[in-house]
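Each of the two complexes below includes chain A, the first together with chain B, the second together with chain C.
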Partner chain A sequence: MADVLAALAGSSGVLLATLLLAWTASASYVVATGRPGGDALLHAPRETARLLRQRRRTTLSADRLLWRGSGWSLLLVAALLVALVPWGGSALLPGSLGVVWANTLDIVVWALVWLLGWGANSVVGLVGGYRFLALALAYELPLMFALVAPALAAGSLDLAVVADAQGTLWYAVWMPVAFAAYLLGVLGFAVLGPLAAPAGPETGSGVLAELSGPDLLVVDAGRYALLGAGAAVAVPLFLGGGAGPWLPGAAWVLLKALLLTAALAWVAGRLPVLRVHRLMEPLWTVWLPLVVVQDLVVAVVVVAGR
Partner chain B sequence: MSEAGWLVDHLVDIAFWACALTAVATGVLVFVVDSMARATYALATSFVATGGALLLMQQSYLGVVVVLMMVMEMAVMAVYMVMFMGMNPALMPMSMVHSHRAAIGVAVAVFVALGSGAVLVPWPERRGAPSPDVTEALGNAIMESHMLVMMVVGPVMVATIVVGVLLSSSRTRYDRMGDDLDRRPTDPPEERR
Partner chain C sequence: MGLRDLAVRAATARPRVLVVEMPGGALVRMAAERELDRRGWPVGTAPGSADVLLLAGPVPESLAEAVGLLWDQLPGPRARACPASPDDVARELDSAQASLRDDPQQRADARERDREPASSWVEDDMDHGDMDHGDHDMDHGDMEMAPGGIPLAEGDDDRDGLEMDVLVHPLGPLLDRWPGGLELRTRLHGDVVAEAEVHRPAAEAADDVPAPVATWDAVATVLALVGDEVWARRARGVRDQHLGLGYAAGDERSVRAHLSRLARAHVLPHSVADVLGRLLDGRLDPAAHRLDDAALSSLLAGHDLGDVRLLVAAHAPLLPLVRSAGVGHG
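This part shows the complex of A and B:
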């Protein structure tokens, strides 16, 4: 009985944290576009109220199962990512393979965003879906190699062990390239900021084009939640987990996750959208080798430190 | 009490059979549905269920990697399928089978052969104990005793990918910036001479 209660409390905590992170991301993103802070904080509740009352639109011969199913699953993926994060020692979903699970969850977004574009049976949606996969190939490999660095340094794929292994010198400090590649990947799977082309205005909102009402609400919330969840996973990976003075570990994890979410969303909101077909080349011929060199540096440090 | 106890005792068995049946059922669905996207993601679901079965066999790393690779692969495969078949999203339902009598025969024969092999072969008794960390054991095997296989497979796969991309690409950096990459990039590229 106590186990069940603890699991229920943990699940509600993870859901609350996911929504809080999503709200932070949306507010910060809106501030970056030039709106005042109070207005930005009200953006999410206002949009929620507006979209909940909006009538649901549908298209001819839409593949409802895949379309609605993929849209509503984005929030779930974000919540599962947050569930992997060790909050001061214990995670809702602990495991020796947390790093690989985080990677797997962000890959699931590949399927979801493409299906979102496909399911509507709309040209612009389909264009958005294809753009996302092209983009995903470009950001995912640097992201995967970026995940290698902290796991290599800690000698473990367990997020809690990675967090504890950092001591006073956080991995973000001495693995800046891996940290940057990870954060760029987060923007990629959140389809926000410079990597928002699959949902960009030049294709009539791409994968979002035919969505309306609650369906659009969950996808938008899901994108902000994915940004926040990606930032939350970065806390044990790169920012020392729950390490910090005075406050308990869980508070530090939440604080760091919220600050990183706000900063990342603000930067993302300031940057222009990049053209998809121009991204593959720099990301694979310049960025990916840099990340591999970062892994090499970490490997040399690990071997030399033995 | 006894019923609940039975459930708890057999939880892993039940989960395993649920994964196994899901894997087979969604595998069959691949040929039943009439849309490429549904066929692709039915196959992806089948692989995810297979990954679940591997997880239940306590091969955690293999299980999660099967899920990771297969979802990624199916996302890309859907693009290729649609590209080569030229199918409009949901408007044009099309059959996912061709020459299906022969295909059914082959599939059933292979399934029976492999399945009966798995069931009928006298499995040897376990000798020794499993490594305490199977993920580490797997990593050591790949990087030590089976290094040669990985070193051969790696370059072959990379070469296949590079050649495949080159053959299918009409706009590489060599088209935009010339053979020595010293021209100002032109986008779209000039016609080849």
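This part shows the complex of A and C:
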């Protein structure tokens, strides 16, 4: 009985944290586009009310199961990512392979965004879906190699162990390239900011073009939640987890996650959308080798430290 | 009063407005953008999630049917705003918002639409379509397959010699951030426009937009299309200054510096940055240089959908859209 209650409390905590992160991300994003703070804070509740009141629509011969299913799954993936984060020692989904699971979940987003574009049976949706695949190829490899760095330094794939291994010198400080590659990957799987081309205004919102009402609401919420969840996973990976003075560990994790979410969403909101076919080259010929060199540096430091 | 009222007010506080320019409606559209900026209402990019359809300028007879189709795409609650002149914009937006808040009216609209069998958001019963299919002779079965009434794409070699599905995809005449009434019938190979057939609308009244206003409007539209909302707003401020509306402090030089930064980062295609630069320098005079249909069509062929939108936006000052009966153009 106590186990069930603890699991229920943990799940609702994770859900609440996911929604709080999503709200923070949306508010910060809206501030970045030049709206006043009050408007930004009210943006999420107003959009929720607006889209809940809006009617659902469908397109001719839409693949409705995959279309709607993929849209609603984005939030689920974000919640699962948050569940991997150790909040002051214990995660809802603890495991010795947390880093691998985080990577797996971000790859699930590939399928979800593509299906979102495919399911609507619309030209711009499909164009958006394929743009996402091209974009994902560009950001995913640097992201994977970025995940290698903290795991290598800590000698573990367990997020709690990675967090504890950092001590006073956070990995973000001495692995800046890996940290940056990770954050770029977060923007990629959240389809926001510079990597929002699959849903960009120049293709009439791409994968989002045919969505309306609650179906659009969950996708928009899912994108902001994915940004927040990615930032939350970065806390044990790069920002020392729950380490910090005075406050309990869980509070530090939440505080760091919210601050990183706000900062990342603000930067994303300021930047224009990059063109997909211009990204592959710099990301693979410059960015990827830099991240690999970062891994090499970490490996050398680890070996020298033994 | 109560929770329900509060929810309706929250839902309609910032309605999403799809702004569609009519032929000759550029000045009305600019006034609409100004008013939406002031109110903080978001501009929609897709009819599927918009609350308000704003038709900037008088709707010509030739577009009435297309407007009806677009109106059907709005899921509802929905409202229409039809400002015929820049002075009407604020009033039309107010009445659109009031109409969105009018629950009984919106319910009646929704019931009315449920009765129409071919309403676009009601799943059509497609069984008879499939039944039909059995009667055809199967020789050209592939060509005749039309799931949901949409013919399957044909194949063709694309620019790299790969066989791709060819889709016929119209751009315009009713599109956001798009010259009023311009229609491109494109053949798409994947997302690359293989060819674009240009159709321009005939309109009664020509737009009398001064060259610097048209240029800065193009800059603002391009920036909005690449999702650079902050700088798009600044460019709109500069544009409005050229219109003699000085309340938005715009800084031409900083926007121009930002444009070259974007060009260096390849956010803007080279050709787009080049045209905007020449327009801003005055090396390209919208009054003298005009793009005819053939030039526009060859300009767009071979670019992907996104770049086509940017190219059209950048060349908008050079597009003589209005072919009124009295005045010919070169």
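Rule of thumb we're sticking to: the second predicted complex is superposed on the first by the 306 of 306 C-alpha atoms of A that agree within 3 Å, B and C clash if a C-alpha of one lies under 4 Å from a C-alpha of the other, contacts with A are read in each partner's own complex, and residues count from 1 in each chain.
In this text, a contact is a pair of C-beta atoms (placed from the backbone, for glycine too) under 8 Å apart; a residue touches a chain by one contact, two chains touch by 3 or more.
All values reported here derive from a predicted model rather than from experimental measurement.
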First (chain B), second (chain C), both or neither touched by A:Glu202: second
Partner chain in contact with A:Leu157 - chain B first, chain C second, else both or neither: first
Touching partner for A:Leu8 - first (chain B), second (chain C), both, neither: neither
First, second, both or neither for A:Trp114, with chain B first and chain C second: first
Comparison of chain B and chain C by chain A residues contacted: C
Partner chain(s) touched by A:Leu16 [first = chain B, second = chain C, both, neither]: neither
Which of chain B and chain C A:Asn103 touches, first, second, both or neither: first
Touched partner set for A:Tyr130, first chain B, second chain C, both or neither: both
Which of chain B and chain C A:Arg56 touches, first, second, both or neither: second
Touching partner for A:Asp39 - first (chain B), second (chain C), both, neither: second
Residues on chain A lying within both footprints (that of chain B and that of chain C): 60-61, 121, 130, 277
Chain C-touching residues of chain A, taken from the complex the two chains share: 32-36, 39, 42-43, 45-46, 49-61, 121, 123-124, 127, 130-131, 196-197, 200-205, 208-213, 216, 269-275, 277-278
Partner chain B, residues of chain A touching it in the complex: 60-63, 65-66, 95-97, 100-101, 103-104, 107-108, 110-111, 114-115, 118-122, 126, 130, 133, 136-137, 140, 157, 277, 281
Chain A-touching residues of chain C, taken from the complex the two chains share: 7-8, 10-16, 40, 45-46, 48-49, 51, 73, 75-77, 110, 120-124, 126, 147-150, 167, 169, 175-177, 188, 190-191, 223-231, 233, 262, 265-267, 269, 304-307, 309-310
Chain B to chain A touching residues, read off their complex: 35, 37-38, 41, 44, 60-61, 64-65, 67-68, 71-72, 74-76, 78-79, 89-91, 133, 135, 171, 173
